[in-house]
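In what comes next, chain A is part of two complexes: it sits with chain B in the first one and with chain C in the second one.
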Partner chain A sequence: MTTTNDVRPLLASVIRPSGGVWSRVLTSRQAWVGATMLLTLALWALVGPALHPWDATYVDLAAFGQGPSTRHWFGTNDIGQDVYAQVLVGLRKSLLVGLVAAPVATGLAAVVGAVAGLAGGWVDRALMAAVDLMLVIPAFYLLVLCSPVLARAGWPALALAIAALMWMVMARVVRGQTRSLRERGFVRAACFSGAPLWWVAVRHVWPNLASLLVADVTVGVGTAVLMEATMSYFGIGVRVPDVSLGTLLAAGGPAAATRPWLFFFPALALVVAVCAVSLVGDAVRDAIDAGGARG
Partner chain B sequence: MLRYLARRAANALVLALAATCLGYVLASVALDPLVRFRGNNPPVPDEQIRHALAITGTDPNTPLASRLWSWLSGLAHGSLGTSVDNRPVTSEIAERAGTSLQLLVLGTVLGVGLGVLVGVVGAVRQHRWFDRVTTQGSFVVLATPTFVVAVLLMVGATRLNEAAGRQVIRFTGQYTPGHEGWAAVTDRASHLVLPTLALVIGLVAAFSRYQRAAMLDVLGTDLVRGARAMGHTQRSALVRHGVRVAMVPMSTLAVYTAGMVLAGATITELAFSWHGMGEYLLLAAQRGDVNAAAGTVACTAVLVLVLGMVADVLYAWLDPRVRL
Partner chain C sequence: MGEPLLDVTDLHVRFGEASAVRGVDLRMSPGEVVGLVGESGAGKSAFVCGVVGLLPRGATMTGSVRLDRTELVGLDDRAVSALRGPGVAMVFQDPLSVLNPLRRVGTLVAEPLHLHDRSLSRHGAATRVDELFHLVGLPSGAQQAFAHELSGGMRQRVGIAVAMACSPRLLVADEPTTSLDVTVQAQVLDVLDTARQASGAGLLLVSHDLGVVAGWADRVAVMYGGRIVEQAQADDLFASPQMPYTTGLLRAVPDPREARRLVPVPGDPPVAAYLAPGCAFAPRCPAAQRRCTRTDPPLAPLGTDDTSHLVACWRTGEIGDDVFAVPPPREPQRPAPGEPVLEIRDLHVTHRLDAGVWRRGRRGQVVAVDDVSVTVRRGEIVALVGESGAGKTSTVEHIFDGTPSPGTVRVLGQDLAQAARPERRRLRRTVQLVAQDATDALNPRMTVGAAIAEPLVLARVPRPERHDRVAEALTTVGLHGSDATAYPHQLSGGQRRRVTVARALVTNPELVVLDEPVAGLDVSVAAGLLELLADLRDTRGLTALVVTHDLAVVRHLADRVAVMAVGRLVEEASTEALFTAPTHPYTRALLAAVPVPDPTAPRPAASFAPDTEWTTPTTTGCRLAPRCPLFANADPDQQTLCRTQPPSLVATHDPTRTVACHWCSTPPDDLVQPPQDQST
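Here is the complex of A and B:
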């Protein structure tokens, strides 16, 4: 990571894109392609079901386990439910989990990292020890361990649990950046003039790390969507009556060789969604890296 | 070197102990040891429930601190307690760890090795066809969950078996019962192919990207050119002064990477219905088996720390600036 001294606060440079990370993002073709894909998918998931004649839970008694046709675009499952409608509903839930989990995780990382970096001393040591501890047990194991509790609590709890397990590495990065910022004149001036810690964080640290945090949110959405799908695939994520891409993949997995449409359409939706998110995330990250004195 | 290692080991020991306690507390809070007695008709007598809970030491009426203490003192004597089906957790885990380690070691060595190689070649031949194909390929692979890769491989293998008219690749479980001698060995090897492939594909995608970025950074400096000026051939300059230096930055995330690799292996193992550690934890969560879950987490934490230390030592050995 490089120091991001030429980064202006998010809004200022979007309004006035003159140099800096945001103008590089805005001129990046990759970012536009990713954002367009993502918006299209989100819009599709939002309004698609309204434009589609079949409801995700409706049972078509005339079509059990049929392949794609003009009547059912993505085919039907064993009990005659429309797979296209289910993919739309599942995509909506999966994206929702990602969009809830990622900002929470990044927020947590920003707070912990800034507090550790600014406070120093035992606060810093305690917080970094907590980060180390949480990295020792893989997130997947902790999620499995908590699955009986999560089963009772529904999908928002799952999203928050996923968020609680993906902030650690970013917290370390933010801490490192905060420590180097702390040595710079404007932050030292603020500290000497008696500004409280939260003010320094809000006014100086976070605006300077804005692009880094945005990149982390974007990448985090993809990670969270993948985590949700994996949890649901093994039966410990999103539960009935909720439908996500993960639960659809779990239902379609055993039939992948004989009735591929049950597995491949949800899988395709998942991969395309995560690819779209990563395109944007990578573009922001590349823009940050190109800004400093890299290599 | 020894002093550095001793300090790292002490640090790891403290972390392992803390993670073990955390695992036990989480398991006790999240899992319900009474779950398997519920919904029985006729209901299980209280006497019997109390007896079963006493054996596993998971009676919710005992304070959590004293349950943790008695579990820890058991651990000090090398016992992880009893699982709900009255088997010692230690022996069950020893059995399953063998299964898991097989895949983990094979997958990690192949995956990391190939990943580094692909990353280096991609960086050296930046923007050429190999670089383009591997960069875009790893981009898509990283967006694909491991279990989807596993299912795709299984579908492919099914097609292959159908085309060949016999079972060329077997992929459910670790082995087919009833084989002996040489046939058992080849049978196990055949069962290893797809899970290893699934794990390796994911690891190559992840590691080649890290390695490519790090290698590009190094190629941007004068290290390699300097080595050429000193009379090294291009190949030896790249390997000794390029690749070696490029691998150093990854050391900061050694523990994190070890956790990631382990989680990947666990998911792969679950997707191919192997009876490994992942399945044990999943079963424990479903059956409210506190001891089994806590034991699995403890072993995982130790494994992650050991892997992290191995990676640390490897990197320290690679980095000419580190004098241990």
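Here is the complex of A and C:
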């Protein structure tokens, strides 16, 4: 057995197949740029307010609706609140909601889709009926119903609520892909070897749908942030005195032509944040694709 | 040799940086059949497309291709189009992808007629189409069919009719029978030859199968790495190959007439983009010298007086016949087969045909397996042989997926349907499947090591032991331990196939089911895999059920053969007995149709009627009757019996043989019994 001992270290790295993916992510320039942007934004949103003289809720009676100046870098709104401080606080909230909601939604879609696709039969029909039901019930109506609960539970509940509205379409896509994967030789081989459903999902289905799922998370962050904005605009999301990029955009939108700083700075923050997430997402997807066959 | 029909000189085809064809010279006389042989990546397809003018955009072609003195290189597309049809026509590998599914095949055959002769009347075209259908042996009623309604053999006949429509001077057939069953293959090649003779066209027959080429070509050119490496009269080439690659190919091809050992050519065929300087075969050649790796040898005549045999090798004359010497025959000390590992009894499998996407429910059902019994004993290799649609795969899949069907499957003496769930799972694990398509059977996102380890993880084998066994399985199948970190797409086709074998062996199963073990592999690579399986049989006492349509593989590997046709077993016998004296007419037809890599061997005569009739198999009686020569020559009483009563497997003089036929089994006197009534 001398020959077998030689290959042991190699094999040790093999049985954990995800090892290679992360090393590829770390060598990708795109990933570094995206991650740097995202971390900078997060750090900025986290510690920025502490280094800034103005509080997001403080009303400067000497400056109503003024443009950017050395005193208020991003200007002030109609009641004299500092836009820079508000963007920082809003960015923090929006990033939190987006970064939590999107992976939760995709994860839910991946689980439901894979289970439905693999199990088939009545499980499949029940889960897909649930998906269809969620799709036809007006999401907004649900949220209005839930808004008292959401108001009490704070932003994590808001993130989960947004996730609960985003997963259905992806679940259908995952189910469809899973059903075609189920006919592939390697899935059948695993089933013949007595692999349980979760094993097939984790080892065979999800890795082969990785680029799809990563893309969905990436898109989802942007969608979630925008959804949060919509909800906040109607008063069932983040509430006064709390701010998010959504409430800022909603408030600044009408004034975009006359007092552009109210709209421009929150929008810029949103665009930069979504770009950063996309860069990281693309890099992760490319790393996963390089591991398997291309095409 | 008069004026050549086709004169190719110094043809180069490049796809960007990669040279697919690197200086090919080939001449063909009118009416000549030239076989072009080569493995994948040899440049056959690029060469053929160059000759026919069908190279894809982005390919550049230099050199000269003259067809009847017309230079094709540099000709514009319109001019080449005018020439395609009356000048040169092509028969493609996959007729289904070439025939427009929305139009009746009759109009498809008429299409080139109208394109090349605008003045042709509708009536004139119809007459010509009738002629063509007659020529390729199709009933004229088939003109009304759509491509998907025809069998593979009939489709290829239509493909030939389309190619012959304008009476081309040169007919190019690119792997015309690769996707067809052996019995159909012989018929289609016959049709091709008839068509050629009728029109006096030259035929360029491209194939990877030396057997096909040997039976039909006057002259053979062997291609490797984008060049012709040897070219000679067929008899000459097969009798005394000069280039080591040709020798290797011939030694690697299993011969259905004898159970000679195969000699695999080491390594893999070259990739056009990564060709090193020197002879393309040098990396795999046992006789390679330093000279061979520096400069490419020219294609030169073998002797000064003999200009018909051309060889591209620096060492012509220096090396003898022993480049790929055939090792002495195996003389394994194999114990007699032990207790049954797998017993399939009276299995019936039916597939449901669903009515459609919208209406749930059945439209009907197809009987895929009808009353099949197979037993595999410990230490023996049993082959299940039959053409596509015979029900082989349905039989095998039933062992694994276990949907309830009439009949029993016993593993190690225990009925799978009766066993409790954990017990059933344990029993199933003792049977491992090596799937036909290795690319499909390996997860592209899993390393080879992880794929092989998977069944061990599922069987809860502890991690340290797992590593040892994965490494051991890799060495067993002739791979390196370092291959464990590779992903499937980084391996060659042959290596991937070995990985699937390793995956099956790693759990030390009682039985391995091999589904078409060498289908789709290059000859030189297939030989390696077959030798590996034979080694496993002799050294480890491999117990296996081999499912295949390739009888040459069977002869090389199996102890016992069960022949299946249209869902039923027709004959079962020991390999030796079956090959030396086939009894059932279907078995005889199957054996006769296997192409033999020897031009002096008699050409396969099609003894079974071609399936060019739209006959649905009769549900009562013998399903082979419509195609059976015995049935055709039988008197009416006998025909009634064949038509009404299905023959069952009965014993014969040879204790190892059973045959299902009313008229060809000659059972011992004490076993004679009238065919029993069976209500169906």
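To be clear about the criterion, the second predicted complex is superposed on the first by the 182 of 295 C-alpha atoms of A that agree within 3 Å, B and C clash if a C-alpha of one lies under 4 Å from a C-alpha of the other, contacts with A are read in each partner's own complex, and residues count from 1 in each chain.
The rule we apply is simple: a contact is a pair of C-beta atoms (placed from the backbone, for glycine too) under 8 Å apart; a residue touches a chain by one contact, two chains touch by 3 or more.
Fair warning: this is a prediction, and the values are worked out from it, not measured in the lab.
Novice: Touch check for A:L135: first (chain B), second (chain C), both, or neither?
Specialist: Only chain B; A:L135 stays clear of chain C.
Novice: Determine, under the contact definition given at the top, whether A:N208 touches first (chain B), second (chain C), both, or neither.
Specialist: The answer is second: A:N208 touches chain C but not chain B.
Novice: Applying the touch criterion given at the start, work out whether A:L270 contacts chain B, chain C, both or neither, answering first, second, both or neither.
Specialist: A:L270: touches chain B, not chain C.
Novice: Thinking of the overlay built on chain A, is A:P260 touched by chain B (first), by chain C (second), by both, or by neither?
Specialist: First partner only.
Novice: Mind working out whether A:F192 is in touch with chain B, chain C, both or neither, as first, second, both or neither?
Specialist: Only chain C; A:F192 stays clear of chain B.
Novice: Can you give me the overlap between the chain B contact set and the chain C contact set on chain A?
Specialist: The overlap between the chain B and chain C interfaces on chain A comprises residues 294.
Novice: Applying the document's contact rule, which stretches of chain A touch chain B when the two form their complex?
Specialist: Chain A residues touching chain B: 132-133, 135-142, 144-149, 168-169, 222, 226, 229-230, 233-234, 236, 249, 253, 256-257, 260, 263, 267, 270-271, 274-275, 278, 294-295.
Novice: Quick check on the complex: what are the chain C residues that touch chain A?
Specialist: 400-401, 425, 428-429, 432-433, 435, 437, 440-451, 453-455, 458-459, 463, 466-468, 470-472, 474-475, 481-482, 484-485, 487-489, 503, 507
Novice: State the interface residues of chain A toward chain C in the complex, per the touch definition above.
Specialist: 1, 3-4, 6-8, 10-15, 17, 184-186, 188-190, 192-195, 199, 203-204, 207-208, 210, 288, 291-294
Novice: Could you please specify the touching residues of chain B with respect to chain A in the complex?
Specialist: Contacts found on chain B: 15-16, 18-19, 22-23, 26-27, 29-32, 35, 139-140, 142-148, 151-152, 154-155, 158-159, 216-221, 253, 255-256, 259-260, 262-263, 266-267, 270, 278, 281-282, 285-286, 288, 293, 296-297, 300-301, 304-305.
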